[in-house]
Amino acid sequence: MNWDMVGIWLGALTTLFLYSFLYRDNPFYKFAEHLFVGMSAGYWLIYSVFNVLIPNWWDRMLPEGGGFQWVWLIPGVFAVFMLARMVPKIAGLSRFALAMIVGTGAGLNMVTFFQSNALAQVKGTIFSVATGGVWSVFSSLVLVVGVVSGLVYFFFSKAHTGMTGRTASVGITILMVAFGASFGYTIMARISLLVGRVTFLLEDWLPTIPRLFGIGG
Amino acid sequence: MRLMIPLAITFIAGMIMILNFFIPHQPFAFLGDNLQEWYMIVASGAIFLGAANLMHVHIRKIRLRLKNWEYSPVTIIGFLVMVVTGLVYGVTENRPFDYLFMNMVAPMGATMFSLLAFFVASAAFRAFRASNWRATLLLTSAFLVMLGQVPIGAMIWDKIPLAKVWLMSIPNTAGQRAVMIGAAMGVVSTSLRMIFGIERSYLGGAD
Amino acid sequence: MAGIYDKLSNLDRRIIFILIALAVIIPITTDLVIPNIVGQEPSRDLFEFVDSLPEGSIVIVSFDYDPSTMPELQPMAEAIVRHLFRDGHRIIGMALWPQGASLGQDAMSAFADSLGRAQYVDWVNMGYKTGGAVTIARLGTSMRAVFPTDRDNVPWDDIPMLRGVNNLEDIDLVISLSAGDPGIIHWVMMAKDRYGTPVGGGCTAVSAPQLYTYLQTDQMVGLLGGLKGAADYETLVGLLEGEATKGMSPQSVAHIVIMLFIVIGNVTYFMQKKKGGAR
C-alpha cells in the first residue's frame, strides 16, 4: 500500500469534512472536530510522557546506575495531587499542586514582566528621542507622546477631564491606529492559513485523483 | 485553615523565584533551580488532568445519552489510537504515531483555524464601519497595513510599504507599548497579591 | 437603488465565503506571480544578524507552535533552518509547544541530508518541554538539567555537538517561532533580558504588532511577521519557489477582496443611513 497517498487522502478528507461547516453544521464536521480533539489530547499526553516525565522525572528518580532518589518523589506526588481534582472527596489536595504552579509562576512573572515589559519599555521610549533629521525627531515625538498619552488613557484613578481628558483623547487616537494595524495583521494571518490549506488541496491532493484511478500514469 | 498550607506553598515558591532573580547564589540558586525542574513535572500533571477530564466528559455524555453523544466515541477512539501508537511505537520520525500526526492531526489543526478566514471576511463586511473619525482612522490604518504587507501594495504605489513600516514602528509601537506597560503593571500587582495571599480565587474562593 | 443596498446588507454570508475561496483558488490555479519585495523590514534585520554569525555558531531554534499556525510558521522554519545549515551553523531544536517537536523535526530533517548536515553533529531535536518561561529560566543555568535526553531518548552526553554547551550563555542566538504563549515574549524576558543571549524570531501575523515594541528597544534582533515575514526570509535566502513566496499572490488578491467588502459594506451602511434605514 502507498502510505504517502493514504496520508494525503486522510489529510484531504478531514480537511473537506471541516470545510463542510461553511455550508452549515453537519455530521461530517462534527466527526472531524471530535476526532481532532481526541487525537490532539492523545498526542499531548504521549509527548508529555516521553519528553518530560520519563527523562526529567522517572529516570532521575530511578537512575540507570541504581538507587532511589527520593527527593524526586516530591514533584511526583504534587503531580498526582493535580489529578485529585477528579475525585470530589480528595479534590482539596489539588490545591497544593496548584499553589506550587501559581507561586512559581507569580514569582517569576513579577520580576520578568517588570524588567522586560515595563522598565525596558520606559527606557526604550526615553532613549528614542532622536537627534537626526526632522522626520526622525517627529517620529520620536509621536512615539513619546503616543506612549505617555496611551498610558494616561489607561489611568483611571483620575477623571478624564481637562488636561487629563485631552491627553487621554490623544491616547485613544494612537491606540486606534495600533488596533487598526492589529486588525490588518489579523486579516493577513487568517488568509495565510486558508492559502496553506487550499495549496495542499490543489497541489498535493488533487493530482492524486487521476493517479488513484489509473489516469495519466 | 484548609487554605493555610496552599497559601504557604504559594508564598514560599514565589519568594524563592524572586530571591533567585535578585540573589543568584546559594542557597537561592539551588532552591530556584530545583523548583523550576519540579515545576515542569507538576505542570505535566495538569496535562494528565486535562486528558482524564476529557475522557470523563465524553464517557458521561455516552452514558447519559446527552446531546451529540454519538460523536463522543470518535473522540475517545482518536485519543486511544494516539496513546496506543505512541506507547507501542514511540514518537520517532516516520513511525505510526508521527504518521498519524503529520497526516491527520496537522491537517485538521490547520484547517480548523483557516475557517476563520471566511468568518473574518464576513465580519469585516458587516461590522467594520467608518462611523466616526476614530473608526475611520482605524480603518485607514488597517488598509495601509493590508496593502503594505502584500506585494500588490508596492505595485499600486511604491511608498505604501514604507508608510506601513513607519506606521508599525512608530504609532503602532507607541500604542502597543502603552498597553504592554499597563499590562505589566497588572501582572506585577496580581503576582504580589497572589504571593502574599490576598488574591486566592485560584484556590477555589476565599476562606 | 435602495433595493440593491438592502440586498447587499442582507447578503448571504455563503456568497462572501465563495468569493473569498475564489480569491485564493484562482491565483493558485493560474500560477499568478507577484514578486515579493523586501524593504527595510524587521525580517531583513533577522536575516542580516544570522548572516553575520561566525561559522559553526550554535543556534537554538524553538518551534513554539502547532499545526493551527503551520501555514505561516512552517515556511519560516524551513527558510531559517536552510539558512543556518547553509552557513555551517549548528542547530539545537526544541519546542515549548508539544506539536512543535514534530513540526521542527520535519523542518530540520527535510534539509539536513541535502545540505550534508548530520544529526547529532550539526543538528539535534531536544523535543518538547512543558513549563514555558520557567523552563527557559532553567535553561539559563543548566541546559542539561532541562534536556537529559533528546526527543528520541539519546542522552545529552552522547550527543557530540552539545559538548561545551552548558547554558544559554553558550548559545549565539535564539530563534523562537512562536504562535503565542509560551513563545517569543518569554524568550525575550528570560534569554535576552536575564542572560543576555540575542533573541530573534518569527510569529503569526496576529502577534506581530505587539512584538514591534521589542524591536525598538533592541530586545530582539529581528522579527518575521506572518506569511510576509516568511516570504521575505525565503526571498533573502534565495528560495524563490518557497511556500510563503508562492502564497503572497493569493494573499494579495484576498486582501484586495476583503478591502472591497469593507468598502461595499460602508457604502451600503451610509446609503441606508442617508435614507433613514440604518441599523
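Chains: A, B and C, in written order; residue numbering restarts at 1 for each.
To be clear about the criterion, a contact is a pair of C-beta atoms (placed from the backbone, for glycine too) under 8 Å apart; a residue touches a chain by one contact, two chains touch by 3 or more.
Everything quoted here is computed from the prediction, not taken from an experiment.
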| item | value |
| --- | --- |
| Between B-C and A-B, the pair with more C-beta contacts | A-B |
| Chain closest to the middle, measuring from C-alpha centroids that were averaged per chain | A |
| Geometric centre distance via CA averages, subunit C-subunit A, whole Å | 13 |
| Approximate Å spacing (C-alpha centroids) for the pair subunit A, subunit B | 3 |
| Euclidean distance of C-alpha centroids - subunit B vs subunit C, Å | 16 |
| Multi-partner residues of subunit C (each touching 2 or more other chains) | 17, 20-21, 68-71, 99, 101, 127, 129-130, 134, 137, 146, 151, 194, 205, 209-210, 213, 216, 226, 228, 251, 254-255, 258 |
| Per-residue multi-chain contacts in subunit A, two or more chains | 22, 40, 43-44, 47-48, 50-52, 56, 104, 108-109, 112-113, 116-117, 121, 124, 143, 178, 181, 185-188, 191, 193-194, 196-197 |
| Residues of subunit B engaged with two or more neighbouring chains | 21, 36-37, 39-40, 43-44, 47, 90-91, 101-102, 105-110, 112-114, 117-118, 120, 124, 139, 143, 146, 149-150, 168-169, 172-173, 176-177, 179-180 |
| Residues of subunit C that touch subunit A when the two form their complex | 14, 17, 20-21, 24-25, 28-29, 68-72, 98-99, 101, 127-130, 133-134, 137, 146-149, 151, 153, 185, 188-190, 192-194, 204-206, 208-210, 213, 216-217, 219, 225-228, 243, 246-247, 250-251, 254-255, 258 |
| Residue numbers on subunit B that touch subunit A, as the complex places them | 2-3, 5-7, 9-18, 21-22, 35-54, 56, 68, 71-72, 74-83, 86-87, 90-91, 97, 99-118, 120, 124, 134-135, 137-146, 149-150, 166-185, 187-188, 190-192, 194-195, 202-204 |
| Partner subunit B, residues of subunit A touching it in the complex | 3, 6-8, 10-12, 14-15, 18-19, 21-22, 30-53, 56-57, 74-76, 78-83, 85-86, 92, 94-104, 106-114, 116-118, 121-122, 124-125, 139, 142-147, 149-151, 153-154, 171-181, 183-188, 190-191, 193-194, 196-197, 200 |
| Interface residues, subunit C side, partner subunit B - complex | 11, 13, 16-17, 19-21, 34-37, 39-41, 66-71, 99, 101-103, 105-106, 109, 127, 129-131, 134-135, 137-138, 141-142, 145-146, 151-152, 194, 205, 209-210, 212-213, 215-216, 226, 228, 248-249, 251-259, 261-262, 264-266, 269 |
| Contacting residues of subunit B [partner subunit C, same complex] | 21, 29, 32-33, 36-37, 39-40, 43-44, 47, 90-93, 98, 101-102, 105-110, 112-114, 117-118, 120-122, 124-126, 128-131, 139, 143, 146-147, 149-155, 161-162, 165, 168-169, 172-173, 176-177, 179-180 |
